[in-house]
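Before anything else, here is the set of structures, which you'll find just below.
After this come two complexes, each holding chain A, first together with chain B and then together with chain C.
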Partner chain A sequence: MQSAPLPETLANLVGLDPNSTPVMILMSLVGAALIGTLMMTNTALAGPWAKRKITAAFTDRIAVNRIGPYGLFIIVADAVRLLSKELIVPDGVDRPAWDLAPLVIASTALLGFAVVPMGSGIHLADPEVGLAYVFATASMASVGLVMAGYASNNKYSFLGGLRAVAQNVAYEIPLILTGASVVIFTGSLQMSEIVAAQQQTLIGPLPSWYAFVNPFAFVLFMIANLAEVGRNPFDIPEAPTEIVAGYQTEYSSVYFVLVYLGEFIHIFLGGAIIATIFLGGPAGPGPASLGIVWFFIKIWGVFLFTQWARSAVPRVRIDQLIEIGWKGMLVLSLANLLLTAVIVGVIA
Partner chain B sequence: MSLEKPTPDTAAEVGVTEDGLDYDALADLLGGHVLDREEHVNAEGFVIRPDEVQAVLSTLKNEAGFDHCACVTAQEYDDRYESIYHLRKFDDPTQELSVIVPSPKDDPHNESAARVYSTADWHEREAYDLVGINYDDHPDLRRILLPETWQGHPLSQDFNQDQPQIVTLRENANPLEADHRSEDDSDTMFVNIGPHHPATHGVLHVKTVLDGEQIADLEPDIGYLHRCEEQMCQQGTYRHQIMPYPDRWDYVSAGILNEWAYARAAEDLADIEVPEYAQVIRTMSAELCRIAAHMLALGTFALDVFGDFTAIFQYAFRDREVVQNILEDLTGQRLMFNYLRLGGVAWDLPEPREEFFEKTRDFLDDLPHKLEEYHDLITGNEIFQMRCVDTGVLSPEEAKQYGATGPVARGSGVDYDLRRDDPYGYYDELDWNVVTEEGGDNFSRVLVRMREVEESARIIEQCIDLLEQWPEDEREIQANVPRTLRPDPDTEIYRAVEGAKGELGIYIRSDGTDKPARFKIRSPCFSNLQTLPEMSQGEYVPDMVASLGSLDIVLGEVDR
Partner chain C sequence: MSNPWIAIGALAVVALAIPITMMAVSSLLRPRVPEQGKTATYESGEVPTGSSRQIKFNIQYYMVALLFVIFDIETVLIFPWTVIYRDAVGAVGMTKVLLPMVVFIGVLVVGLGWAWRNGAVRWVRSPRATKGADTYE
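Moving on, here comes the complex of A and B:
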């Protein structure tokens, strides 16, 4: 299962020396481009097409079915449509910050995938602090949200930005604490180690995925993740019926695409973290080369879950959200961490 | 019988007798205030001095129990201006009284009633805006429907229609002007919610001052959809030309309910008797409209609370579609029905009748199951309860004070439903209940609508049974109405029906021609919307949005 990180594989593939630094830098860039493209493709599929189809299925509709098979070419049509729109720059926006925010939102989430083992040898880097790194990149999106909200010079954006910060602070701590409880099991932050630790079987055919070992942590993490990616019941930074579109109110055309893209990549990053630390990463029946298929099935499963929540669950109010975060989730995740530590300490 | 209302303790109220109101006793109560007495079709009118409005109205309110100021009608005669306060009682709306306040032609002034009935605030602003009567001691006498910069008062006699209304941008109020933070109150932020906003259900502009995310101050700004409906009705003939307009007031599915408001007022004015068979059809079709309207209210409320276009919204529309199809079979239209006629309905049920009955029955049979699904998804949802229970609270006293009616009033425990209290159509022959909830919060208002759908279904079912058994040779759908209807000159009437949103009343004054001299619409949404500031003071923005959704306003009816 354990294979060399992607740049080495690539270097070997084209017959270059994997020990020379320039070659590795080049191959890392190629690998990053590959993973970036992979995730972008996923997002392209998810944003204009899958999201519509999934929501339609939940709401008794059909959704896009006119352009191409199953309406798939809507992706092309939407891309052309969105990119050819006028980029409106409102008066009084805080220029560098306003332009940078969409880039920050979109790129930070992509960075996280660098350390995610996707199976089938697609794993760009495997630093020892892998999990910490993923959480760090995921939270950096908040910076982008604040930039967007504050720089837009729009009150709705401003409110959206403030809500985003309040929400992310309230939910990132439970998220990371719950993630830490997994680290107690594995004793390592390295992503490959976390995946490797989930290879055994638990009871019968059940694999020892941490979702089965500690379902409580899994549920906590799933809920916190909903808040982290801003989907119902925690979609209040955008809350269309309250603050129009929150921090993205003033963005149009390419910038809007970037913000939107960033959100979807963020959902997938959340899915990737969940898949890696709770669902055994790329593990699944069949040969190891099928790993990437299983991995993507898992992150799409998480995506489906967020869309399900979006279609069926009411949104909570901002003060209720903060209350749930600080008084509920934080306490529960701390309890989970302590219990896990005690249990692991006693058994091991 | 279920329609029996708990008898209120009216012993203390002046002028209440076994067989209706004793106007002499009321006149005695007011003593010298009453200058003259007029006979309106619906009630007697007391003419009073323009500077004694507050004294007279507070006496009537406190001592005679007239706690509901349904409407304020203003109009201009050749020799005077006149404001009419249509008073009735929440306990028994058949006890009505009009207070007529004439004011001089050259300088129309009369005392405002807003200190007695809060609802008069907006009604008088509208009267000032359109007719041009000044109300002294009014808390905030500004234009309400037309822009601040408008020249003249369009319903006054000397209004020059050809006068250009050119206003430069500079002269217009800048909505952002209030943005500047004052020194003493730098913690607040001014936000325009609407007129382009996903949650305002049309073109409503809510000027909000936020303290953090909480609402420090709020003022609904209406008039973006003002289409001069009153004046258009004044230019149409009674018999045919007015009926299509009511469909366009509350334009989301409540068409037949609105048409009935006009039909009832005009029929009572011209003394037209509607055949019983037609009344049953009216009752059935009106209740179908009510179901469709409540479904829409439910769907959009879910939209406001849930967020995006979610399952509930789509389910509600799916089920509303069934009702729409039935109504389309019946009337030929899906939205602007134009189905009622003075003295009856446009045509009989569609042939084959069995098919129509079966279709409607199928819908009614499915309904309990669907409502159960809604209760699962909405009212049973804990997050939904967290959001809606105890938010946007409107106490029964405030509801009455603001003239709130319909599901909004009934959600606050005000047991007021004109279908039962001021019976018309076929309602008093049928077995159904008036739904009330005591909470007064967003949740109660939604619950009232959902339960009213059940009651409407009961009414429809009974109507269908009746229609099915109706002997074929007695299916009279239309009374004999003169081709050109000219009610007697100087007859005045205020009549209301229970529309989807509440008391939809119409005041008509005839001048002997085939067109009304004054046509005034009492829109339930207009009065209900006035309660919004009361409900949302100190609440969070999301709760304000939820309250707005639970008020279920349709801007076409607010602005007319």
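Moving on, here comes the complex of A and C:
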């Protein structure tokens, strides 16, 4: 299962020396471009097409079906349409912050994929602090949301930004503590080690994925992840029926695309974290070269789950959200951490 | 084994290049039709009054931010413990490894309980919102 990181594989492939630094920088850029393209393709598929189709299926409608097979070419049409819209700069926006916010939201989410092992040898980097790094990049998006909310000079945006902070602050800690309970099993923050630790079988045909070893932590993490990516029942920061569109109310044209894109990459990043630490990463039946297929099936599974929740679960109020986060999730995640420690201690 | 941070830096470059390219492409494609009134901020069709930065927001909520800082540092302290936990149990026994962390988390939980009783983890605690509730702490 353990394979060389992507830049090294690429260097060997084209016959260059993987020990020289300039070669590694070049190959890292090629690998990073590959990862970037891969994630952008997924987001393009999810945003303008899959999301509409899934929501339509839940609400008994048909959705996009006019352009191309199954309406797939709507992706191209939407990309051109959105990029060629006029960019309206509202009165009194805080200029550098207003322009930087979409950039921060989109690029920090993409940054997390550097350490995610996608299987079939596609694993850009494998630092020892992998899991801590991926949590750090995933939570950086909140900074972008605050910038967007404050700089827009719009009351809805401002309220949306404040709500986004309140929500991320309340669910960040349960998320990370539940992630830490997995580290108790593996004894390592390195992503490849976490995946390798889930290769044995548990009972019968069941693999020892941490979702099966510790289902309680898995459920907690899924809920906290919904709050982290801001989907129902925790879509308070956007709440279209209350505050228009929250922090993205004043964004048009390419900036809207970037904010929206960042949100979808963020959902996929959440899915990638869940797949890696709870669902065995790229593990699955068949040869190891199929790893990437299994990995993407898993993160699309998580995406489908967020869309399901979006269609089926009513939104909680902001005060309920705070209570669930601080009084429910935090206490449960601390209990989960200590319980896991006791169980591992008794077994070990 | 080369330094993994080279590859992470490369992805940082790509992650910035993709949005910037999109901005550049868009600036070539989009029209620019400056008109009066177009640039007003959206307030459901009303004429916007005042700046959004004058909103009076409940400052009581800073307590939750303080709580977050405390618990965030706590997670930073818990991470190294989780990494060595399994080996340490084998080396020095479970009580010696687990008990300090139980005490540490216990102290934090007492703190959370105190904040909870004081109504710090509540979205609104203005007199108007809670008028009539005399038992309200």
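Simple rule for what comes next: the second predicted complex is superposed on the first by the 348 of 348 C-alpha atoms of A that agree within 3 Å, B and C clash if a C-alpha of one lies under 4 Å from a C-alpha of the other, contacts with A are read in each partner's own complex, and residues count from 1 in each chain.
One rule holds in what follows: a contact is a pair of C-beta atoms (placed from the backbone, for glycine too) under 8 Å apart; a residue touches a chain by one contact, two chains touch by 3 or more.
Remember, it's a predicted structure, so these values are computed and weren't measured experimentally.
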Winner on chain A touched-residue count between chain B and chain C: chain C
- Message: Contacts for A:K155 in the overlay, against chain B (first) and chain C (second): which applies, first, second, both or neither?
- Response: both
Q.
If we overlay the two complexes on their shared chain A, which of chain B and chain C does A:K85 touch? Say first, second, both or neither.
A. second
Exercise for the section: Considering only the touch criterion stated at the top, classify A:V244 as touching first (chain B), second (chain C), both, or neither. Expected result: both
Inquiry  = After the superposition on A, what does A:I318 contact: first (chain B), second (chain C), both or neither?
reply    = both
Check your understanding: Between chain B (first) and chain C (second), which does A:I173 come into contact with in this model arrangement: first, second, both, or neither?
Key -> second
Between chain B and chain C, whom does A:S208 touch in the aligned arrangement: first, second, both, or neither? neither
- Pick one for A:D60: touches chain B only (first), chain C only (second), both, or neither. first
Chain B versus chain C as contact partner of A:Q199, first or second or both or neither
neither
Intersected contact list for chain A, partners chain B and chain C 155-156, 159, 244, 318-319
Per the touch rule, the chain C residues reaching chain A in their complex are 1-16, 18-20, 22-23, 25-27, 29-33, 38-44, 48, 51-53, 55, 57, 61, 64-65, 67-68, 71-72, 74-75, 78-79, 82-87, 89-90, 94, 97-98, 101-102, 105, 108-109, 112, 116, 121-124
Residue set of chain A touching chain B in the complex reads 55, 58-61, 155-156, 159, 232-233, 235-236, 239-244, 310-320
Chain A contacts chain C in the complex at 5-8, 18-19, 21, 24-25, 28-29, 31-33, 35-36, 40, 80, 83-92, 102-103, 106-108, 110-111, 113-115, 124-127, 132-133, 150, 152-159, 162, 166, 169-170, 172-173, 176-177, 180-181, 183-185, 187-189, 244, 249-250, 253-254, 257-258, 261, 318-319, 322-323, 326-327, 330-331, 334, 337-338, 341-342, 344-346, 348
Chain B contacts chain A in the complex at 189, 191, 197-199, 213, 302-311, 313-315, 318, 377, 381, 383-384, 386-387, 540-543, 545
